[in-house]
Amino acid sequence: MNPIFESKRRQNKLKPLSDAIGDLVHDGDAVAMGLCLESLIPFAAGHELIRQGKRSLTLIGPISDILFDQLIGAGCVSQVIAAWVGNVGAGLGHNFRRAIEDGIPQPLTMHDHSNFTLVLALKAAAMGVPFLPTRTASGSDIVKDETSFRQVACPFTSERLTAVKAVVPDVAILHVQRADCFGNAHLWGNLGAAVEAAYAAERVMLTCEEVVERSVIVADPNRTLIPGMLVDAVVHAPLGAHPSPVQGFWQRDGDSFLRYHERSRKRDDFLAWRDEWITEIPDRAAYRAKLEAEVLNRLAMRNA
Amino acid sequence: MNPIFESKRRQNKLKPLSDAIGDLVHDGDAVAMGLCLESLIPFAAGHELIRQGKRSLTLIGPISDILFDQLIGAGCVSQVIAAWVGNVGAGLGHNFRRAIEDGIPQPLTMHDHSNFTLVLALKAAAMGVPFLPTRTASGSDIVKDETSFRQVACPFTSERLTAVKAVVPDVAILHVQRADCFGNAHLWGNLGAAVEAAYAAERVMLTCEEVVERSVIVADPNRTLIPGMLVDAVVHAPLGAHPSPVQGFWQRDGDSFLRYHERSRKRDDFLAWRDEWITEIPDRAAYRAKLEAEVLNRLAMRNA
Amino acid sequence: MSESFSTREIMIAAAAREICDGEVVFVGMRLPLVAFAVAKALHAPTAIGVFENGVLRDRSATQPIVTMSDPPNLDGALACTGLLEVMSLLQRGRIDLGFIGGAEIDRFGNLNTTLTQGVRLPGSGGAADIASFACRTVIIMMHEQRRFQEQVSYRTSPGYGNGADWRTRIGLPGGGPSKVVTSLGVFGFTAEGEMQLESLHPGSSLDDVRANTGWPLLISADVGETRAPSIEEIQLIRRFDTLG
Amino acid sequence: MSESFSTREIMIAAAAREICDGEVVFVGMRLPLVAFAVAKALHAPTAIGVFENGVLRDRSATQPIVTMSDPPNLDGALACTGLLEVMSLLQRGRIDLGFIGGAEIDRFGNLNTTLTQGVRLPGSGGAADIASFACRTVIIMMHEQRRFQEQVSYRTSPGYGNGADWRTRIGLPGGGPSKVVTSLGVFGFTAEGEMQLESLHPGSSLDDVRANTGWPLLISADVGETRAPSIEEIQLIRRFDTLG
């Protein structure tokens, strides 16, 4: 048996968040996160990456909102492969700008994609091929990046197409609505590139609102978009995507994005924010306790 | 507005089966059917193709069971693009063999695929690209068919891959559990290449067990695997996949496949079978009435 | 019978008028989202909205939303699927109209959302894809000189490239930009792919437009005034533009 | 303590023994389906079954099934997805073991399910894909001379091609066939990719095998007898093989 699969074969993959991050993410890894676009963003896992001081990560995601900005500001990131990096609610990401423009806290290599080319890069990896062809962004400066894009001729029609290079994440971290302890995950709402990333990555870590019995999973197998055979760890992390929304569980906490925008405008303010919300609290339970009850009540949805 | 889309823009696409087949399928068309592999096979629609005497069709499907054998025997087909043609319950398809080996009732051109290359051909069309690359079937005689397969070099790694040519069906005919009158379709169970075919085809025709209100569709939008914007006609055809199974509605009628195997062994017997079950009955209601009540009771499932 | 309206409101009204009934529209966020709601309420009741996160809708969200992934944009959706499916619809030619914006635009309708002098912007998102594939695009932008440049510093989303038959030569199947709705007026494109003023918003002048455009702008022979939003349009805009 | 058993039963027992606990198995239909159920009940309780129609299961179907798409094979499934997803798992290297069969096999384990002299067979289905990508395959066939040919008339599913490093040269990532379970014995493959007799089923002789093999067959130095199915194996086979 292939040793790489050992963790995938475990029958019970439940772990505390700190163990899952410690076991699955190593300095220098390529980590896909925030794949549904603006919802189900695994902020709890991202904050644990910061708390454990991971370094030289490559972040992969189409539009992962302020999660990437926070990891960049915390010095965890040396490279980003994305279509859009910023604050969806407020515009620019200040840490992203500082890193690209001024090398603060460290230089950052950016590989620009469009949303389409990014999901194609993950789909290529998911399918086990080194590239997929597309017509998108012909004549755009995006496809001039030879690391990610090359020209290819269709062997049937001779048309010129852009080949998008496969991106194989070392780890994909996904927040989902529910999973069983083997990692069979039900997710719903907008799916973005989440399923492609789970199939593409060498290792898959799930955080979830609910850990459920197998019987809940098999009651609706068409909702199992990530099969447990691909999963290496399952973390019970309710509210683990806050402040992004989770269909059926949590509305978007828009104010939180706006406050972050203000508190990340200056480097020192960002560091104070990081200390307050990440490094000076031990875990996600403490984060949740820091949020006011009124906020949680306002954000909570009934299962939909 | 593009005139090709006119039927897709209608708010009410409900039609009788005969009208839908008459409007959407023309002699010489490439028709994708039987895409879920061995379930949800649109036999009612296939029988209407035979009743209307369609000619020179190209059939597309990975494993479409005896539906293809029946259409071939009825003289509707000049070409097949498939991975497997036969009787899943009993083995060989007699009409398929007669057509290939002896040109009865007419010669048949076969383009052999594997299941993987067939779904890639449809996925390429669904994605709007002329080919997709794969490593499958290298060294197999399948990929020697230059109509469907050519070699391509990865522009990043220089590896040789097989390019699978896009197959764009003129029409995809799909049986689904339920749809609204706009064509938004909920389907579940094993999906095979059904979704790829719906996205790939120029026109899409649905037959369904139930026509439902919009409210049923929007109550679970993640189950809407075929959006109405792709659909040209919706036909209410309960039992329209018999004798193949429909998860939640009908078990497989295994005996029917075995009886067909015996009754298609000789050409004359097949013609008698065709007359009895297709050309001498006016529609699917009459077909259903011909089935014994005991059979229907045995096959019926409660929604699962 | 008139009512005062803001620049934002006439931009939304002008954008809404570009949506035809029955069309499949790649909506995007902010102004186009409101424009889509207004068009559906007025003249395009059967238009379908597509969002790149995977959401398809035939009715506007009933609660205000900041992003396309906010739960009110999922509630009542016809379908929730993924980025690849929606991008496949685009590349397959199934999207009639897409709305996009940018930090910079040039005379051929090419857009930059990636890099300007010294400033790193968030990047393309799906804009380059929409610009490549939608049967036509409508661009919505504030009209400022720093944004209307003879040449963009980085070409994120292709318009008509260098003009003429550039899109065909480069292999772009979509039709390219049909209109630019700015804070000053509405612009079309010539057969050569060059931007051309079609109408001025009430209160803005040709001089305003020229002063804020970094190249010698083409002016249509029959340039007129952008029709002011009707009372009905204004009421709808104010109902839907709760985050304005 | 012994019990009589059929050829079919020893073939199922031998196939079941090839499944290791925890493995992801591309199951296929008929004999391998029963073998999978037996293995899960005996020595591989955590194996996962994958079907090309899109079904993933961790328990055997509780009702007999004729095809992988029969409702009892969907009930209690972990996941129901599509052909592309399952084939992606294969091409991505996620499938440990796949079962396949054929109408003809040659000395290097290449299979034909497409065309023999004068007879059009149904075709590959997913067999060529499983043969290309599974980390190893187990082939199950009746042992008849017309089926065991020096060269197959059409190579549907690649084994070791012409032997030696052929798979690597041709770019096939999967490991190729590890065993052939026939009605007469169990066969392995040499480092050169050539089929080699490893054990004879009780009651079958070397002469039987040679007479039914269309090339000079390699015989392993320590060829033995296939272990007869235990009473437990036989009971399980009879419980699951209701359509046998």
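The first chain written gets the first letter, and so on, giving A, B, C and D; residue counts start at 1 in each chain.
Basically, a residue touches a chain if its C-beta (ideal position, glycine included) is under 8 Å from a C-beta of that chain, and two chains touch if they have at least 3 such contacts.
All values reported here derive from a predicted model rather than from experimental measurement.
Chemist: If you apply the touch rule, which chains end up adjacent to both chain A and chain D?
Modeler: Both chain A and chain D are touched by B, going by the contact rule given at the top.
Chemist: Using C-alpha centroids, which chain lies at the maximum separation from chain D?
Modeler: C
Chemist: With contacts defined as at the top, give the pair, B-C or B-D, that has more of them.
Modeler: B-D
Chemist: Any idea how many Å lie between the Cα centroids of chain B and chain C?
Modeler: One centre to the other, that is 39 Å.
Chemist: Measuring centre to centre with CA averages, how many angstrom lie between chain A and chain C?
Modeler: 29
Chemist: Can you check how far apart chain C and chain D are, centre to centre, with Cα atoms defining each centre and the answer in Å?
Modeler: A distance of 57 Å separates the two centres.
Chemist: Enumerate the residues of chain B that touch no fewer than two other chains.
Modeler: In chain B, residues 127-129, 134-135, 159, 161, 188-189, 191, 222 touch at least two other chains, as defined above.
Chemist: Identify all positions of chain C at which a residue touches two or more other chains, and write them in rising order.
Modeler: Expected reply: 55, 74, 80-81, 84, 90-91, 133, 173.
Chemist: Report the complete set of touching chain pairs.
Modeler: So the chains that touch one another pair up as A-B, A-C, A-D, B-C, B-D.
Chemist: Okay, in this complex, where on chain B does chain D touch?
Modeler: It is residues 36-39, 62-63, 82-86, 88-89, 91-93, 96-97, 100-101, 110, 112-116, 119-120, 123, 134-142, 159-161, 188-196, 244-245, 247, 251-252, 254, 257, 301, 304 of chain B that touch chain D.
Chemist: List the residues on chain A that touch chain D in their complex, please.
Modeler: Result: residues 1-2, 9, 11, 125-129, 182, 184, 199, 214, 217-218, 221-222, 224-225, 227-230 of chain A touch chain D.
Chemist: Can you list the residues on chain D that touch chain B in the complex?
Modeler: It is residues 51-55, 66-71, 74-75, 80-84, 87, 90-91, 114, 118-129, 131-133, 154-158, 161, 166-167, 170-173 of chain D that touch chain B.
Chemist: Write out the stretch or stretches of chain D touching chain A in their complex.
Modeler: For chain D paired with chain A, touching residues are 20, 22-24, 46, 48, 55-56, 58, 74, 76-81, 84-85, 88-94, 96, 133, 135, 173.
Chemist: For chain B, which residues count as touching chain A in their complex?
Modeler: That would be residues 127-135, 150-152, 154-157, 159, 161, 163, 165, 188-189, 191, 222-223 of chain B.
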